[in-house]
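Okay, so subunit A shows up in both of these, paired with subunit B first and subunit C after.
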Partner chain A sequence: MLATDATPQLTWDLARDVHQLFEFHFMVNAFRAGTVVAVVAAAIGWFVVLRQQTFAGHTLSVVGFPGAAGAIWLGVSATYGYFAFCIAAALVIALVPRGRGRAFSEESAVIGTIQAFALACGFLFASLYSGFLNGIDSLLFGSFLGITDGQVLTLLVVGAGALAVLIVIGRPLLFASVDADVASARGIPVRVLSVVFLVVLGVAVAEASQITGSLLVFALLVVPAAAAQRITSRPVVGFVGAIGLGLVITWLGLGLSYYADYPVGFWTTTVAFAIFLGAEIASRATRAALAARRPSPTVVGP
Partner chain B sequence: MTDDEPAVIRIRGAEVRLAHKTVWRHVDLDVGPGQFVAILGPNGVGKSTLLKAVLGLVPLAAGTAEVLGLPAGSANHEIGYLPQRRSFDPSLRIRGVDIVRLGLDGDRWGIPLPGRASRDARRRVGELLELVGATAYATRPIGECSGGEQQRLLIAQALARRPRLLLLDEPLDSLDLPNQASVAALVARICRDEDVTVLIVAHDVNPILGYLDRVVYLGGGGAITGDPETVINSENLTRLYGAPIEVLRTSTGRIVVVGQPESPTYHPDLAHHHDHPHVGH
Partner chain C sequence: MAIVLLAGLLAGCGGGSSSAAGGRLQVVAAENFWGSIVRQLAGNRADVSSIISNPSTDPHDYEPTAQDARTIASSQLVVLNGAGYDGWAQKLVDANPDPHRVVLNVGDIVHVAAGGNPHQWYSPSSVEAFIRAATARLQRLDPGNATYYANQQTRYESTGLRQYRELIASIRAKYSGTPIGASESIVTPLATALGLTMETPETFLDAIAEGNDPTAGDKALADEQVNARKIAVFVYNSQNATPDVKRLLDAAKKVGIPVTTVTETLTPAGATFQAWQSRQLRQLRDALAAAKAAASS
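Right, the complex of A and B next:
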């Protein structure tokens, strides 16, 4: 899947390997873009996991696919398609009035229908643009080839904006996420915050899709935060930890797909899965250790 | 309450309508500083709605509500509020200390920077945890705390900004009897020592009976207010509900209300013949 003639070889000489990794400009750009995306997705993902809005994240990522395919069909950069569709879909989700309860769970059948329709539209646009059908893979499952300097800059500017918004609204958003009733009694504009958050989420999903593809966005959006929250319940540590894990996933994923010739989407998702598994095991082990130290009279047996 | 002391809550002829139905009307209520007041009544009579009216979260269809000298909703920064029945999702990975801290500065924009303000905030959170006796489990994820532990942490959160008025919606709900007694004692102690006025919604009056200055008994679309002895008797409650109600007192001083309808039987459209249900205070 690489555009070079010679397949790069791992030498186990770390300095040489890293040097080799950045020999080509496309690889440098892949790392730049991946870094930006990892930070933004993990930061927003921390709130997504806390607010239990992964379903919204998934819907937005699926809607991004016809956006990207349509943009390419029209001869525009896929980047704009992702952003336009994800942000528009976020606004629709946020502004459609819904009953009491959280994150449109009751409308999941409707959303499921829309997801299927979005995928079908993406498929149609991709087929209409003849000769592009191969590109469907990279739209759905990710690619890091041919990221231009301009694209990196766009990702950086938009991502920095999204992150800045998140930092400004972070504390009230946390309050509203864990305790909406008290937060609104305190005068926090809970409804406005949830709209703003969904738009920021749309931006993050649009960014992450460009590296992981529409279907594997969760590797960067949800997994780092879910793993971090399993390891720690301190908000700041968890937030920073999620970003760190996101970077590990992205860098390892890119490096592995450079040396071992499998798609980047596969590698990032695999690394993410391994990290999640590790976090789950670690948290269970700590809990078991704590339980053992705190003798519980209700537990019977060995 | 003496006349020269300003009222913490002054409600006159209040009526609330939700979804085109009257929840209650003709409600008058005066609460003075430092008083411990219970809102009683069966499910669905509008006890929570009364707290929300005090917070200005539901509008009055008639009458007026003044809280801490201002129209309801304008003094909310001086009110600590604990909504009804919030057990946290067991998977929620936020510690008790963080929940308490949110009560202190959770509505500020931006992120907290390390420094003096941050140290002060941490010290205040420590004090609050000490006050409610939650220090031992404050660093556990709140979803893993028991109902009583969560309730104490939430009371600490509500107290974070030294409110003058504390609104507690069924804080004893889903607690076992010893915990009901100890949380009730805690709230009464805070009311006395921190000089906070407390408005507490309760399904069962007995755990708080010994601490009460006055009660608001909701039912039949209206309310009776007064001190516990005069309000909770057969005659008043029978008049309030328009159905025979018996109030029994056990030898230990517990109150048992017999025949109280569990769901509101009041229909405003059919109730024109009802007398003004308010019997003064």
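Right, the complex of A and C next:
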């Protein structure tokens, strides 16, 4: 039996490390929740990067903060606050027409305005809470301690629902994302797909927020997909790769914060950043190598 | 690596290690003021640790670490303040369900819910209720040593807390009814027990304790009480000296109102509960005496 008060030490014995990692129930729950969140966020994030909607994703994550703070103020679980506000905000953003050029900058301005207002509301709710609001930092920057069995189940059910919807709309969504005009001409309901996708994105952001906090959602939502798309241009490989990278980021982040007492938000984001940097360097090196061999550079997966 | 991880995940192994090291009970308190009392009650039969033990840590917005979660998960008795004061501790307990673990929530014992004044370690009657409850929990977890714990309780109440109790009784006898001002609601339970009249508006005290801004009206009233010398002594929490509190403090010093401090947690960190409280009570008694001397001269 391990000494309970001693800080666990990493060893070269992987089986022993993993046993140590799962010695306590809170860590088992953290990994369960983290795994669900990583898969959902990376899968939906892959479409986010493809559709260039990272700014909308960021807005949804910021909106999650007043949701969680408001839920705590009203005395209900922060989980419900995340879901309610993220999904509601997704519907609001869906009302804003998407476009390029001038219309695009108009959209950014509207979304930016929503972001500022959302953060201000979150701060208001936090100060309205009569009593001691613990963990405002964890709402913003994430926490993996204190995840209950019930929360894991909620994350699993909602995440599975979101993935099921994504699987149903996946093919037409891919088509509509790559070329909306052609897809529309072929009779694909581009506008409906866009609304449904934003709602699914709201769900994914609400899930990820509960591990990474509102401000660090991108570590699980955008970075895995962005890194995967730097390594490969093939959709299926990129999609699966993004999920794989999301899992690596989450598992390494949790493991590191268990062994080294820094916040989980810092570790996941740091691992994500390192992976992105590695992918960027690898992709540039590949392109440079190809350019040296042939006059016309093309991006090819390793 | 992924396969090993997944295997561990699916198996959901763990089960915690509630078995005591060498037969001693494993006890953890969220804050060291409760931890100090339990340590003295449990004597040599338990290992008692406290999560918040650094005087510079603010229990209000404490972010627990993985180490704290491990300590709580492997303890048989968890003492937490409750009353909305340390929600993080309850979260850590909930994430590590164990039917054999006993949780002692002080707010529940003394019937203070979230929204009430959580600073019950400043209430002598709540401290007494806590001592009885903690002893009962230790006896339930370790019935073989029930007599030992009963003797420990008697000894702590009669010897350990003697000076603390005598100071409270003597201040109450001599200064009951004296108007005082304070920086936050942590002082209120003590003022009540000492028979002192708290003049500072309750909403002001709560706002400072909860980390909010007091209203302009409350600030003006608190200022007026100091400047017009309506309070004999000003008591403030030196671990939570916000700009508003510092301003009041300076104003009090300027008009010659004696000032005395209390702290949120044990100061210095290694002090016992009773040594810490007794020192603060002596300082308060001296401040009250100085105020009385100034008023009669």
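Basically, the second predicted complex is superposed on the first by the 273 of 302 C-alpha atoms of A that agree within 3 Å, B and C clash if a C-alpha of one lies under 4 Å from a C-alpha of the other, contacts with A are read in each partner's own complex, and residues count from 1 in each chain.
Throughout what follows, a residue touches a chain if its C-beta (ideal position, glycine included) is under 8 Å from a C-beta of that chain, and two chains touch if they have at least 3 such contacts.
Computed from a prediction, not measured in an experiment: that's the story for all the values here.
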| item | value |
| --- | --- |
| Which of subunit B and subunit C A:F175 touches, first, second, both or neither | first |
| First (subunit B), second (subunit C), both or neither touched by A:R230 | first |
| Which superposed partner A:I167 touches (first subunit B, second subunit C, both, neither) | first |
| Partner chain(s) touched by A:L145 [first = subunit B, second = subunit C, both, neither] | second |
| Residues of subunit A touched, compared between subunit B and subunit C (which is higher) | C |
| First, second, both or neither for A:L50, with subunit B first and subunit C second | first |
| Partner chain in contact with A:R186 - subunit B first, subunit C second, else both or neither | first |
| Residues of subunit A that lie at the interface with subunit B and also at the interface with subunit C | none |
| Touch list for subunit A against partner subunit B, complex | 50, 52, 167-172, 174-175, 178-179, 181-188, 229-230, 232-235, 238 |
| Complex interface listing, subunit B residues touching subunit A | 55, 57, 76-77, 79, 81-83, 86, 88-89, 92-95, 98-99, 102-103, 105-112, 140-141, 157-158 |
| Touch list for subunit A against partner subunit C, complex | 1-5, 7-8, 14-15, 18-19, 21-29, 31-32, 35, 127, 130-138, 143, 145-149, 247, 251, 257-258, 261, 263 |
| In the complex with subunit A, residue positions of subunit C that touch it | 1-2, 4-5, 7-9, 11-17, 19, 21, 26, 47, 49, 60-71, 73-74, 84-88, 91-92, 94-97, 114-115, 118, 206, 210-213 |
